[in-house]
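The chains carry the letters A, B, C, D, E and F, assigned in the order they are written, with residues numbered from 1 in each.
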């Protein structure tokens, strides 16, 4: 699914167990966290899974090509914590207990191998909080060095343009310009631009303290924002913009992987 | 990864949520259950994941091509219940609670959509028992019609040749002739035949009641059978045999999918 | 409850803790798994509990009498995983988590004693899958040698007559000829033959791949098969047939216990 | 196991599901809670199970004979919460989560039937606290009327003689005069009086506030009291005393069952 | 909130971690268990929290002042197991699993420090049973010496006046004379005596075996006793009586703390 | 503990259940989340609990005084998710499952009352991620409007000075200048400035992508940063700076409460 000119990323699962047993501890195992969840009328439910997997794969391939570090791609998790889209057909989501248990089990398993470094590349904002809980848990319980990167920084977590120059006013959280552009770049055949509609909760701009990326966060599900499932404005999305976003993400994640391979605290 | 001449299988996750919402209830969602686990010195840890995914994808593609039923491929689970290989680097396994929770969450999610039929295509013997527990749980709690198929019938569950004509004497349970042949067919570049060695627990043949496929089953982990991780004899494996096994599996699973699309009890 | 001419089986719980502490490691602890669940209008809800307990007790007594091995009867579990009969008054069932937790706790406890071998004698088909999960769990976590035997091999797991010579066509899964005969032998006072009716899901015979004992299993609850709670044909059941089944089961389980007392893998 | 002259108690599990479905709501289902746990060098690990089952059975039989209420015996739980004896071979114990889950599942199951009243007859002091938690849980969640009776009131919960006239000074908590006498009455063949030794924690008498039956309770396991497993003085136990205790318990539990069949709050 | 003339109790949480690390093992950590739950129309939902915290604080202060032992007050748990008042706005309750998990986590944490003795001072009868389960669990798993004291002995657990001289006939379980008097002493501004009404389940006096403080306990929720939320008779409550109760409780708990600091079993 | 000139905050728990039942739905319930955890040699283990409680109390008092909204203070949670300080005596921490269960139970309880709005005021960075998971869970399951505010924005979550003008270079995460100043303002008697030492992980500044407040977060426990428990530089802390921080926090949280009382999505 990633751009075809990319070299293949080396894969953890192509190795035999004895080859895994001989890996250097500096190896960075890279695990994409996607989501299968509604993304409005114009995007496939695979959107986050597609983006996270593609960015992670290309970043690992980039690192491998450069020889700057030893990184291996792990099979990603397609089903993650999409509870905010629970209402929609096509959303397949794990509860927080289930996703945590899965991440803990993966860490517990890796700890049997020499691999000490694990980076999540996350494509779904709804995983960020729990992913950080998991990073600490895996570090504390299994001694793993854990990292949590984003295939695109969520807007409700500080990513994206500054609100004043942003056509979405900082509300491009789900199915908006960025994500739509990414999918237009990666899998244009899956995008229904004729069904893309602007759905920006303008009213929320009035709040000074509470909101996406503001000092006080709030609990929401995507049906709070009206029907349609989009929070943002996909209408201006283009494949060219998606290419820029994608390549930017790949190069940032690749650089982070290299850093992770030598990262030491304190 | 499946043989290139296969048409692509239609994928659930390529749809928008509204398209999922419009699916006919007779749709069969097909979910491969693989495993990432040691498979001896000669096979990749992806073996079961590779086989399950490839068979499921080809079977769904076959059904789609024939028009005999409406089936969609779901993203498979790479990490499943490989507790019997917990000792090996490269095995990444979920505890039974975690895998059950995952399957329950998937079923709970599907129940929001019109899709009422879910078939697991399992490539890892260690999932069979829990998978059947899950099939009942999803049926009871969410009303789903659930099915549990095998990408190759496990030898310890009645599959394979009769012991008297079987070069592995019924012990080809893990990394043996069948699985090795399958991977030689699907991904020959990942097989290290020079490291394939026969490892058959001949001594167990003396037991009349207890054993693989016998009346009384027993609890085991793969390190009970000595070092090496294989239970069986991969030395006679060939790609041609793998092709026969693979195509046989695909056609059986495809036929089962068609049957599942109209299956009614009672 | 078993036939009165049987000698009493030696019981684990008749020992003091110091006597337990002095048992030889080759001792086989035998734990019946019954069920309290609806068995149609003609059989008591104790059916599976009665059969499993009676077979296990008689088998342990047989072994003790023969001196071929050291075996002890443990108190059976009357309440097990009867979720498929959840709809019926009189069914008392544990969820899969609860039953697994129970089996794990029992194994964890046994591991404090010198007893290393534990055989379940199961009378309820709905326990088979989870029981196998438990056998592995207890083996992996506590080092126990675990065995899973059946007081009568479930028809949906390969037991019984071949379908072509079977008056129930392979559908004698619950409350049918075999179980009814067994209870007629063991506790004729509890059988209401006047209420026994044939309830065979003939329609399912049309399916080639999906079905009891076929390649693809399916999730079901007993109310899927219509009211009445029976799946099979009890009308031809006799105490004589039950005696044959019972004595066959006892002698097979007794032989399996002897085998288990010396069983070694690899 | 109970005294042979007793009439048999009517058993819930002898009924068909339709008979259960026709029971009057005033029926009291009686469930013995025993324990399989070390009871010192002189008593079998079945002690609490034996006492609870025998008392419950005889009490239900007494009620049935009298016709004063409709009561049915349920299969007892042999394995319960004996965590305080976890160190001893022969103790088979459930964790508190497992026992609660079991009791909740039983209550959830009963709630499908017309039976609204459930009385536990408990023979193991270590179950009392959790049993009360369960009684409330089953009442709140399933609307059951739940009751918790003792086959002998635990000394650390106010039962037994007043300390000043008590030869065990109130420390006859486990394997002491009362329990030993009960087993001498019920199953003298299982008692090793030659191994019975006095083991009374006299030192604890110095505490005014903390202790068995005092204002402040404390957490203990039985190995806190030294080796041997007894807390009390079994040396003066007799079958005659056991008969008095047993018959007293039976008549109190029988009377409580009758009361429970008409009990209304408020 | 406690009477102002009391000296402040020394607090665990005022220490630095190194000061905690230097505490003597004989230190008694004292943890109040309150509840936030409906207490009728006349008392605040804080009643049990207020009483438990005030008694514990004053008792720790008393001990500190006397120098008889080393005790430290821990932050209390305001939210505990008030499932019997689940129906009422203002009740904030933890499920039994949650409260047990909390107590286990606290014990697991304390075990990292030198402090070996933990006393709960409980103000809510609904916590007593689970608290005792927890005391054993913390003792078994972490080796802590655990104690469970009451800020006032619950009437349904043997506290209070003998029924024959008790104006509430032993039914002063919740929001009755004792609790109301205590709050009149501690926080008279929070008591609405004009709304205090007698609500005594006189009918229950007819039961000989089943009832508060009788041989057989029963599962109840407070709405079983009619609307209003009170079980008892608060109308005769006075601040003077509360002062007596409070000071009595403080002096008993203080004495128990001193005893706990030297308590040894066996 | 807050500055004495503050008016008391109105407290939820001072109300009767009927008063709670009559609250307007716009009421904002405010729940402080503190922590009891090591804070270096110079600060008490109560630091986060003190700060969160004091800010929340003062903010609620401010709102009440202004009449701008209806807000009520709930008892805070002293024990929360301090797993990163698990190694230190004096840290008392809940596992993530326990804290989530607690927050879910609180939300489930509030949902019985008319109160629809719940704001957490968090003083411990380690709670932020899980707190956001909880906010969504409570919103989805119980329909509560949930808000997550900080008593001081964690530096590893974007709070504090820009690194280039920050004497701690952005590493003032735990026990540094800000927190120490706050405690100097609130409880100077508890601060041991003579034991305050600079402990800044300067080496981490070399990483471009991974770090506090950078694009990629990482799993850590506080002992990764060397002994001492501080991450930051408390040496320049002053009560005056603490007063500024405290009053700033109070006024921001008060404003957020007012906003929360009218906040609507979409």
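General observations
In this text, a contact is a pair of C-beta atoms (placed from the backbone, for glycine too) under 8 Å apart; a residue touches a chain by one contact, two chains touch by 3 or more.
Quick caveat: nothing in here was measured; it's all calculated off a predicted structure.
Any chain touching subunit A that also touches subunit E appears here: F. Shared contact partners of subunit C and subunit D, listed by label: none present. Counting the residue numbers used at the interface between subunit A and subunit B, over half appear in both copies, so the two copies meet with largely the same residues.
Among the remaining chains, the Cα-based centre furthest from that of subunit B is the centre of E.
Subunit B and subunit D have Cα centroids separated by 48 Å. Put simply, the C-alpha centre of subunit B and that of subunit C have 28 angstrom between them. Residues of subunit D found to touch two or more other chains are 86, 97.
Contacts between chains close into a ring here, every chain touching precisely two others.
Remark: subunit E residues 11-21, 23, 36-46, 49, 74-75, 78-79, 86-95, 97-98, 101-102, 105-106, 109-110, 112-114, 190, 192, 195, 229 touch subunit F in the complex. Looking at the complex, you find that subunit C touches subunit B at residues 81, 83-84, 86, 96-97, 100, 119, 126, 128-130, 132-133, 135-140, 144-150, 153, 158, 201, 203-204, 207-210, 215-221, 224-226, 252, 255-256, 259-260, 263-266.
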